[in-house]
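Both complexes shown next keep chain A, but they swap its partner, so chain B is in the first and chain C is in the second.
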Partner chain A sequence: MKNAPIRLRRALICMLLLLFMPGCGDQRILEKLGFVQASSYDLGENGQLEVTITMPKADQNAGQRRDVLSLMARTGKEARVKLTRESNLQLVSGQLRNSLFGMSLARKGLLKHLDTFQRDPSISPRVKLSVVRGNAKSMLERNYPNQPIISRYIEGLLQKESMGQNIPVSTLYTFIRDYYDDGIDPVMPVLRNKSDNIIIDGIALFRGDKYIAEIPADDGMVFSFLRGSFKLGELSIHLSEGEPGGDTVMITSIVSKRKVRVSRSAEGAPEITIQVRLKGTVIEYTGGLSLDRPAEKHTLEKQIDKELVKEANEMIAFMQKHKTDAIGIGIAVRNHMSYGAWKQMKWPEMYPTVKVKCNFHFEIMNAGKVVE
Partner chain B sequence: MSNSQTESSLPTLAHTLDQFEDCMDLSHREFPNLGVHAVYLNTLISGAKLQNEVFKPLHDLEPDQLTTLFQQSQFEKQTDDKALILGILSGKAAVFAEEQVYLIDVRGAEGRAITNSEIETTITGPHDALTEQVSLSLMLIRARIRSTHLKIVKLSVGEITKNDVYILYIKDIANMDNVQELKQRISDIEIDAVHDTNMLIQLIDDRPYALFPQILTTERPDAVVSKLVAGRVVGIMDGSPSAFSVPSTFYEFFSSSDDYYQRWMLGTATRMLRFFALIVTVSLTALYVSVTTFHYEMIPENLLMTLVESRSRVPFPPLYEALLMEMTIELLREAGARLPTKIGQTIGIVGGIVIGQAAVQAGFTSNILIIAVALSTIASFVIPNYTMSASIRLMRFGFILLAGLWGNLGIAIGITATTIHLCSLISMKASYVTPIAPNQPYEWRDVFIRAPFNLLKKRPTQSRPMNMTRVKPKR
Partner chain C sequence: MSTLQSSEKLSPYHIVILVYMTQFGVIIFSLPQLLSKAFGTNGWVMNLIFAIIVIVNMLLIGAAYWMGKGKSIFVILERAMPRIMLYPLYLFLMFVWSVLGCLVAKEYVLIFQMIAFPTTHPMFFKIALDLLVFWLMIQGIYNISKSITMLFYLTIWMLPVVCFFYADFSWSRLTPFFFREGQPSPVEFVNIFASYLGYELILMVFPYTDKKSKLIKSSIIGSLLLAFIYTYLCIITFGFFSLRQLQRMAFPLLDLMAYIKFPFIERVENLFFGAFLFTTVATVVMYLWSAQETALQVFKRANVKLVAGVLVIFAYVIAFIPDTLSDVQHWLGLFAQLEIGIAFILPLLLVVVLAFTKNKKEAAS
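Up next, the complex of A and B:
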């Protein structure tokens, strides 16, 4: 050791000193933390915020598998500071998966509450956001006998439904992205309690950061067709034509491709055509057409197209009426022109009056294993 | 010893006997009718050889035929006193006759037989290993290379012990600069004794203070041959069952002979597995420490509560918990290595059951840590070279410490420091991390993967071979 170079001796001394250093610094030792897995925000009295958090309990012997804490505060982070006083654990938000917002709060605007979500580096941009019909606190507080961990329950529900395209993906990232994009408005799923379960009740449409209107959950698929291209989806259509009472078609393995075309009318106003090409497999059909015959299959395709166009037109009219561009028509229009022209156009004012036409082209890839 | 006698005079019998005073194993036989004396160390010679080569010819001899006998080539005339003493010490018999001295080789030291290789075992391929007796080891190598181009140079090391060191190379492939450099370094060693090849390489390596071994040692003759034909220079020491080859790269320590005996896809997969094992052994326990101490966000939701539950009963912070477990495993390993094989197995059972089961049940450690420690220890044994595997295990403690201090940042610092250290190393004046730096993309196919033989047309550049091309397969 005496002959070792000075550098080596220094390095060894540093290593020895390191041994005494653990314990210093900003540690987050696992068992001393309370993981906020879901949080909810409601509008309280005199403009205050009612914050509720739920975190899992480590002790298996305890009767309840989770703790729910709730109080009034001015902001989310203030609530966390106050809530820490109620717990023996240090509350951390790095495991946050779900955030719920009460309907009344959503009507007032969410952006200022989302500020800490964006600013705090421990919060994942993939936190799922949703609106709760009524009071969000009561949804978190409630015990779901079949679902001991509520955050996992809600996350699983939203994850599965957005995979199947019944609701759009709504995370912190998509909400903020759509908010700051001037050609599209953000959306969120709407949740509600139904006996001992939680059910997806619709899709909340926002203008800016404020809740404006809602699309029923049954129309979620059509909304997805209009919003973008995707693979994998399921759709059940009730055809108004055909036999009395109507036939029902169930289509699965849907591949949907959306194209938005923008043209100019004689006056120079933009006219939009949304072209959706669909491919899918029929797994249920109650009508009388024989799908083995190309001609009759084609007839069914046409019937489906017609039904979808009708529903899409209604939905677009609804959104135009409420001045919310949830499917991003504005993006297509903006991409069509220079940024200067776009700015001059004052799209938000023009949007309700703009002409939108929908075209659906459905193609049955196969009609199931039945051979007639 | 040899320094005391300054005059290098003509050797005399009296002087020789004087030098060997009090050496009970020295034998002195006299043939009075011939005036011949034979002097030898009976611990080193073979009785049968001595009988055949010396006693029998002398026995049947008339005094005037002596000159004719000593003209035979096995009798080597010595005029130097020191050389004579050294000759007797290395197992030759000295024959004093008519004012002349002759040495005759009657060496017959018994060694152990050639056995299976135990440190570097392979499933397929040859199983024999080098032995402590260098003549046997050289035989194993010579028998594998039937070429006059295989050259063997003899050197000596150790002021007192005077061990023989043999340098092997293949003429026209090996770079003579490397041979020269190795010869120079070995003859520059000033030490009283060298006991093993692994000790020798520490005396000749470029960076004595480095963490990693810079010279590869092996006990497999087939590995020695492959190093030789790759243009490297090999050294073998008498009394040691391992050979070393220079220059060596870091990556050589991660390849095994088996890689070449398996089909190439298997060889490739195994090789990748070893580099994966390197990552696991260095970082897995450290990652456990950093995640449980700092980065709770990284834990998947499903694992979170399991981890918290097992951690909640542990009385120590994660860093000390991990150091404790790693220390326990090292204790087990060291105890197992030093004990006789039969007791060594008991250690495994006691260690496995007591430490594994009871420690978790008693709330001493978390079971996830046990998994991490066990996995990283197993991974460390996947690395075929024992010296390298031990170095990496030691390095792991540094990583755990850094992880406990600064979390993932600490691990990143550790990786950076290790990379810098590795890149600063050289082996026989050549870069230790060839073919990454300097970059030799062609050689990657024989380092990170094991490409089919018809694609391995060139020898590695690190040893700067005189002839870069291997013989091209007929295909």
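Up next, the complex of A and C:
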């Protein structure tokens, strides 16, 4: 019994040794690692892939704060192997935050290039994916005087805009999820350079994994209303657009609830009604109605509803024309019928001809600090 | 029996946790994928069917327990037939249980290696795990159950983390269809049922319980707890990923954990996966302890530590053979088939033996 504490200590030392010794096997020394924070993929010559990566420099006195490496390869991982030869650091993808795809590559399909993203356990499912108008490499290569760390800049930009519902969230997880789901198509934001900055230019619509069409960024909020329910959003609407001196309403703190109803026409084809209920606060109004009076407030609500319905109908017609179901109408249709009927319907073929009706019901919660 | 065995009996509380922890294993990482592949849409519902099968099996074990009045299964068997005839059965049980223990450990180690230490030899990690298992299994079931209760509390805190997925969870992704687009097969069924195995080891704890232990009732509660947690995790996974996406993910639960992002830390799946070591240890300890109990029937005078040491080394050596993840999973499937056989046939054999000896006794009196 006297030896018990000694034995225990020995056992403990043994355990600790075993616990820490694996660290000697797979060493990861911070100074010797190149943390790839953003990568871009473009279609190169002869169907090759032009891969560019950017990573922060450990030695920040060297002038430039980041390294940008680029080359042609057949696949993303082959590029990584080759790129390692250009760098004194071991490249790792655990800190990858953004991946950009050139427009021409997106048109050809992205799934093949996303295989490694799904397979490699070190890559986070939260990596943000975007399409770049033009060449993605040049966006990544460029220096942004106000934004020394480009990956953080793009990540912040996308994060903020998707929080405000101006663009949909597009991560590796959402893209793959929607690609494999049978009633919805994936989407991504479209980025472009604007002088010394990057700007979100639109929402890329995909059919399968191929870029098909685009919705302008200004219509992002209406797209969000149609795609799902959310809280927190801002919207600026021009009422009686086209006429000179049309009024403008700015609505904030929007809470949106979407419901999709499916009914059958006399011929048995599905008819879809998208019902969106909105609540929000008016923080700017340039029109003549007095928002204190219930009747006039109601008139404004009706005007907003009408404008939103118009925009939504145009957007849905546009998506139907391009055969991309980015708002997931198919999911609602699928969930309203039997499995046999759903499979028989061949939704992708049926989708462009389906009748879709939009209803908006906007409620002004308050009209700010002004009483008229 | 071992000199280290405590004479204290197991309490219902400890049995509930013991059964839950023995059943909860590494297969949970691939369970949603296995279900989606075999049963397709809403495959999570099958968890309820598996739970029912477990309960039926548990009642069968209960019949042996009640008829034998809580006597050890070895006592029951040895009363009915000569020991020499039972040796092949004992050796078979020993073999299956120790190999199952080692395969579960190896699978955990291989996944761990994949996500954290790709070039370190996996058997290096297994030494650490096996040492822990060895120290636990020589303590006797009473102390094992107390340790496992502690391990339970070291892992159960992870459950509320599932709330993270509510935002991206969608009921509509579950679809209203049941069991479509799957490819059910008996092999898949067995592979999935393997994630429920472990409950049958209560056969070995008969002599360490008394009436107050409420062995069968507590075990059923333990496996219902497991079925509840499995079902909950599977529903979340089915509503988080789309069906065809889920069908091609090797470890959906790992991907789910990789999605968690705290404001101060990202990529926490390695930390979470580390905590699953505890549930794995519980499963491995129980299998190897059962093998040890059986071995002590064959080698009555052997030292417990020696037997435990030999079994752990045996399991360690066996674990060298299947060296890829798919090999291990294939082996696990094969041994799960044997174990399912044991889970049903062994209690059935006990019931028959008990009925037979009872009749003989009545005839004699």
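By our rule, the second predicted complex is superposed on the first by the 344 of 372 C-alpha atoms of A that agree within 3 Å, B and C clash if a C-alpha of one lies under 4 Å from a C-alpha of the other, contacts with A are read in each partner's own complex, and residues count from 1 in each chain.
The criterion applied here is as follows: a contact is a pair of C-beta atoms (placed from the backbone, for glycine too) under 8 Å apart; a residue touches a chain by one contact, two chains touch by 3 or more.
Because the structure is a prediction, the values reported are computed rather than measured.
Q: For A:Ser124, is the partner it touches chain B (first), chain C (second), both, or none of the two (neither)?
A: Touch status of A:Ser124: both partners.
Q: If we overlay the two complexes on their shared chain A, which of chain B and chain C does A:Tyr41 touch? Say first, second, both or neither.
A: Neither chain B nor chain C is touched by A:Tyr41.
Q: Of the partners chain B and chain C, which touch A:Asn335 in the superposed model: first, second, both, neither?
A: Touch status of A:Asn335: second partner only.
Q: Examine A:Glu31 and indicate which partner it touches, taking first as chain B and second as chain C; both and neither are also allowed.
A: It touches chain B, and chain C stays clear.
Q: After the superposition on A, what does A:Phe225 contact: first (chain B), second (chain C), both or neither?
A: A:Phe225 sits against neither chain B nor chain C.
Q: State whether A:Phe101 touches chain B only (first), chain C only (second), both chains, or neither.
A: In the superposition, A:Phe101 contacts neither chain B nor chain C.
Q: Looking at A:Phe175 after the superposition, I want to know if it touches chain B, chain C, both of them or none. Which is it: first, second, both, neither?
A: It touches nothing on chain B or chain C.
Q: Where on chain A do chain B and chain C both make contact?
A: In chain A, residues 15, 18-19, 21-22, 25-26, 94, 122, 124 are touched by chain B and also by chain C.
Q: Would you pull the chain A residues touching chain B in the complex into a rising list?
A: For chain A paired with chain B, touching residues are 4-5, 8, 15, 18-19, 21-23, 25-31, 33, 35, 37, 56, 58-60, 92, 94-95, 97, 122, 124, 152.
Q: What part of chain C is in contact with chain A in the complex they form?
A: Counting only chain C, the residues touching chain A are 41, 114-121, 124-125, 127-128, 131-132, 135, 168, 172-173, 175-177, 180, 241-245, 248, 254-255, 258-259, 261, 266-267.
Q: Name, in rising order, each residue of chain B that touches chain A in their complex.
A: It is residues 209, 291-297, 299, 301, 304-305, 307-309, 311-312, 314, 317-320, 398, 401-402, 404-406 of chain B that touch chain A.
Q: For chain A, which residues are in contact with chain C within the complex?
A: Of all residues in chain A, those touching chain C are 11, 14-15, 18-19, 21-22, 25-26, 94, 121-122, 124-126, 173, 176-182, 331-332, 334-335, 338-339, 342.
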